[in-house]
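Look for chain A in each of the two complexes below; its partner is chain B in the first and chain C in the second.
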Partner chain A sequence: MAKHETPLLDQLESGPWPSFVSDLKRQAEKKPECWDILGILELSYKDRITHWKHGGIVGVFGYGGGIVGRYADVPKLFPGVEHFHTIRVAQPSSKYYSTANLRQLMDLWEKHGSGMTNFHGSTGDIILLGTRTENLEPFFWDLTHDMGQDLGGSGSNLRTPANCVGQSRCEWSCYDTEEVCYHLTMHYQDEIHRPAFPYKFKFKFSGCPNDCVAAIARSDVSVIGTWRDNIRIDQAAVKEYVAGNYPPNGGAHSGRDWGKFDLQKEVIDLCPTECMWMEGDELKIDDKECTRCMHCINVMPRALRPGADQGASVCVGAKAPILDGAQFSTLIVPFMKVSKDNEFEELIEFIEGIWDWWMEVGKNRERVGETMQRVGLPTFLQVMGIDPIPQHVKEPRSNPYVFWKEEEVEGGFERDIVEFRAKHAA
Partner chain B sequence: MGYDPTKPMEGRISDLGPPNYEQFFPPVIKANKGKWLWHEILQPGVLVHKSETGDEVYTVRCGTCRLVSVEYIREVCDIADKHCDGFLRFTTRNNVEFMVDSKEKVQPLLDTLAGLGNRFPVGGTGAGLTNIVHTQGWVHCHTPATDASGVVKAVMDELFEYFTSMKLPAQVRIALACCLNMCGAVHASDIAILGIHRKPPMIDHSRITGVCELPLAIASCPLGAVKPAKAEVDGKEIKTVKVNVERCMFCGNCYTMCPAMPLADPEGDGIAILVGGKVSNRISAPKFSKLVIPFLPNTTPRWPETVQAVKQILEAYAADAKKYERVGEWAERIGWEKFFEKCDIPFTMKSIDDYRLAYDTWRTTTQFKYTSHIK
Partner chain C sequence: MALSTEELKKAIEEKALKSPKPQLYIKDFYACDPDSKPRVIKNIANEMVREGKLMFWSSGSTTMYAVPSRIKNEESSEGIGNE
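Up next, the complex of A and B:
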């Protein structure tokens, strides 16, 4: 039996999309505190403001993060959510699961928590939504002892890294996104669990420039797969596309009649660098001019493949608007080999180069992208020991407000006005 | 034995990290990792990947509401046990994917899913609409200006046919954040729904001394609107802050730092709509989303104004854009003045940037189109 009237939320049970309200009600039959989740949410729908108190600092011994504390501002009305802390649990790379693993985790959560979850948080973690402070340690004990699993990150530290599905189920992945994500997560356990940074820091790994995990928009270090040799062309398959035997874009547009596939119009004319052409019935690409945008490969997955000399571009500094406005990551290393053979040494060295500098100069709650803006890209490249190249900019600056260091200018900055006046009277 | 609160550090295990992903690979994935040759979308929600070994894996993608129960996850497990040797995965947009290793196994899986009412809608592939990346809302966060789960449900109900079909010019990514911390993907989505406030924070002088570090609250403001001040509480002078209301644009960041500066308000709060962002590098570079509708009210429980606005934009785009063109590419090609006209959205002063690098967004050319805006 429902514990509270929820006339507003009840209206979200109809319609074709799966209803979180129906799901909550089903769970409430087994976990009565879910009635209070519905109750407090209904109150928010009525009052049109949140009913969670500000902040809340809770956790487990030994860790500085992983749990987001939360308390209801109307605990008397809804005692089931008086404490309603969220636990972030570290997810496996690409979010593959066995049912055995998931069932065990669900049993634990039924025992220690509300029975509600988020699959998954935007950073990647499994989010276990709602439990009391006294349950945190017993849950953590069972999670580590019975399941061999750990918490994710929160606070001013390295957050839980995430990756696209990569080589496990995508033909375009230019490095093993799953392995590097797992390896670096293990390598940096201390940085994840014990906040030691000026602010949060995130890694994301996409296998190619389609960027299915949105690394360039959602991570401080964005590793995006690419190649540096030629796109691999299967001319016989190109002919099949032209003949209409293979669907363009893997059939992604099959719900509408866009006419017969037109290679010239749909691929050659849309290439951003105009580096493709037909020679007789052969497709040609001037790979020196190609910017590896993925369009032609996306349209003809059976005829075109990324090159074989693969690696990743590494970009730095993406963040949401607070404080200084939203940023995408900026290209810093155009091509880096990302290989397990050397334990991802080059990438690790790069990351630690950023941390060594940022942990010292980053202001309180300043994302690395903001620090880069404050000191300027030239200074950032210098501290990283990276030579400037045209690829670092979309375009050269247009204002002439250029800094020169004294040692770069003949004769230095010390001058004598008397000497100047000898040649140039006032 | 279990956790002993009298000896908290005894027997403690830490720094384990996530479980290794490989143990969760379905056998066909394990055997063919790194060997995939090509893929095809057989029908909305169903993909096939072909390996150089000749193996195939068929994937069925289903929408989820992300906020899900233990019971629901067990239902997912039942499906995976019955059809997929006990394996499954979730996507980066919170869809769930079931994989089988032969074509014959696809239809029985689809039949099972169809038998579970509306809980497992199949779709989210190709040039359609996929799941809405969203946030906590009134279910768990203290700084939201709107709800997340409810708005998402209302929008997906209305646009459901686009989830289960592939008839758009390109894939459309919708995202929602309930405040401008923008947890997630709002700043780089085709259509973004963003919770906003419109009233400056109130200051709780009687509590501020105990709960805030004043310099942090002052430094938290992007516009320098928070200043140190003095106030009298119970006849005693205390240190507090004041907000220069003229400079405040209601971002709420001071409240994030200082619990004594709440700003939520039923009439003031609502939703802004941004459009034209993307993250992929396909054809054009990644783009930020741009603000086109400054405010829509929080009309619980189904937000009809927001649903209508999103639908209007999606349909104007679907009718007008070229094949492969994302919303942002379309808007830039036709010009934003045409975008506003075609989507029938009134243009207001609020869409004109006045923050720091604003000048770059003004029109410093005589190239424009005559639209209904020019009287």
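Up next, the complex of A and C:
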């Protein structure tokens, strides 16, 4: 039986899509606080302003992240949502769940919270919506002790790292994304659970340039698998595709008749750098021109494979559009070996180089991509000790002046400003 | 020369007590000792949280630090529904 009149929300149920309002009403039969969620939302629609207070004192002892405080500013009207905190739970690598784990997690959330969830938040965590402050510690105890799971990141912390399925299921993965994600999660426990930075910081790991976790758009450090030798070609399989014996795209678009596969039209003509051609019945690729768009490999997976000398490109600075609009990460290191043999030493050194600099020069609530934009890429490269390469150049220069530094000029130069000013007034 | 751990803890506590706003960003503590690396200051501030001298305060998107006695208890705050 509905506790509040919700005519505005009820209208949302009339559309053709599944409605969160219907879901909440169903859940409210078991968890009465969900009636108050509907009530407070209806009031917000009516008043055209939120009735949530943002933030406050929440957390579990010793953790500065993982729980996002939500308090209603109308607690007398809606006591069920006086406290309605959000808990972020770290997702397993690649989001592999067992049904037993999911059942246990849902039972735990029915016991300590509203039962409402969001699988998953945009960073990748499991989001559990709605609990009271006094339930936080018991929930945390059960989560960590009975289930062996942990809270994720929130606030100005390292956020829960995320990765694609990697080598567990994907033949294109150029490094073990699950291994590196797990290793760095364990290595940076302090940074995940306690605030460390001017603002949030995210890593994401994609095994190949298809970038299935959208690392390049969503993470401050995007580690994207690549190769530095040649795409491996099986010419016999190319012939099978041309003959129509193998379905293109692994049969992914087989629900409709697209006509006979046309290698020229569907692969060669679509290559963004025009680095492919046929010589007789052999497919040729000028690999030094390849930009790793993955289109040819995606269309003909049985004929083409990433090269054998594999590693990752590391890009820095993606963010969502709070200030200055959304931006992709910028390529900083074109190729890095990502290997467990040295415990990902090179990647860790790179990440900590960024942190040491950003923690010092980054402004409060400024993402590392914004700091890079503010100081300019040349300064960032200099700080990181990386020599500029053509791939770093975004556009031809628009500033006609070149300001050389002494160390950049052969033989250097000496300039005594006091002596200069003795003859030339400022 | 960088301050010792104890000197730094004292400087951080003083800063947190005297700042106009009760909640401070981690970066606000860097000025307590310009000779110490930011990550050292971060580790000491987190140690002070474990000791109970500081606490975390979450704005929802950013986690900040505060002296517990300066933070209003949100749970006892008066909402408009209490009128």
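Everything below uses one rule, namely that the second predicted complex is superposed on the first by the 372 of 426 C-alpha atoms of A that agree within 3 Å, B and C clash if a C-alpha of one lies under 4 Å from a C-alpha of the other, contacts with A are read in each partner's own complex, and residues count from 1 in each chain.
Criterion: contacts are C-beta pairs under 8 Å (C-beta built on N, C-alpha and C of every residue); 3 or more make two chains touch, one makes a residue touch a chain.
Only a predicted model underlies this, so the values are computations on that prediction, with no experimental measurement involved.
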* To do: Report for A:F197: first if it touches chain B alone, second if chain C alone, otherwise both or neither.
  => second
* Could you say whether A:S219 touches chain B, chain C, both of them, or neither, answering first, second, both or neither? => neither
* Asked: Among the partners chain B and chain C, which is in contact with a greater number of residues of chain A?
  -> B
* Asked: After superposition on the shared chain, which partner residues are touched by A:L77: those of chain B (first), chain C (second), both, or neither?
  -> second
* Which holds for A:T131: it touches chain B only (first), chain C only (second), both, or neither? -> neither
* In the superposed arrangement, which partner chain does A:T371 touch: chain B (first), chain C (second), both, or neither? -> neither
* Figure out whether A:V58 sits in contact with chain B (first) or chain C (second), or with both, or with neither. => second
* Considering only touches as defined above, state whether A:T330 meets chain B (first), chain C (second), both or neither. => neither
* For chain A, which residues belong to both interfaces, chain B and chain C? -> 53-55, 62-63, 68, 70, 190, 364-365
* In the complex formed with chain C, which residues of chain A make contact? -> 53-59, 62-65, 67-78, 83, 133, 154-157, 190, 194-200, 355-356, 359-360, 362-365
* Structure fact -> So, in the complex, the side of chain C touching chain A is made of residues 25-28, 30, 37-39, 42-43, 46, 49-50, 55-65, 71, 73-75, 77, 79-83
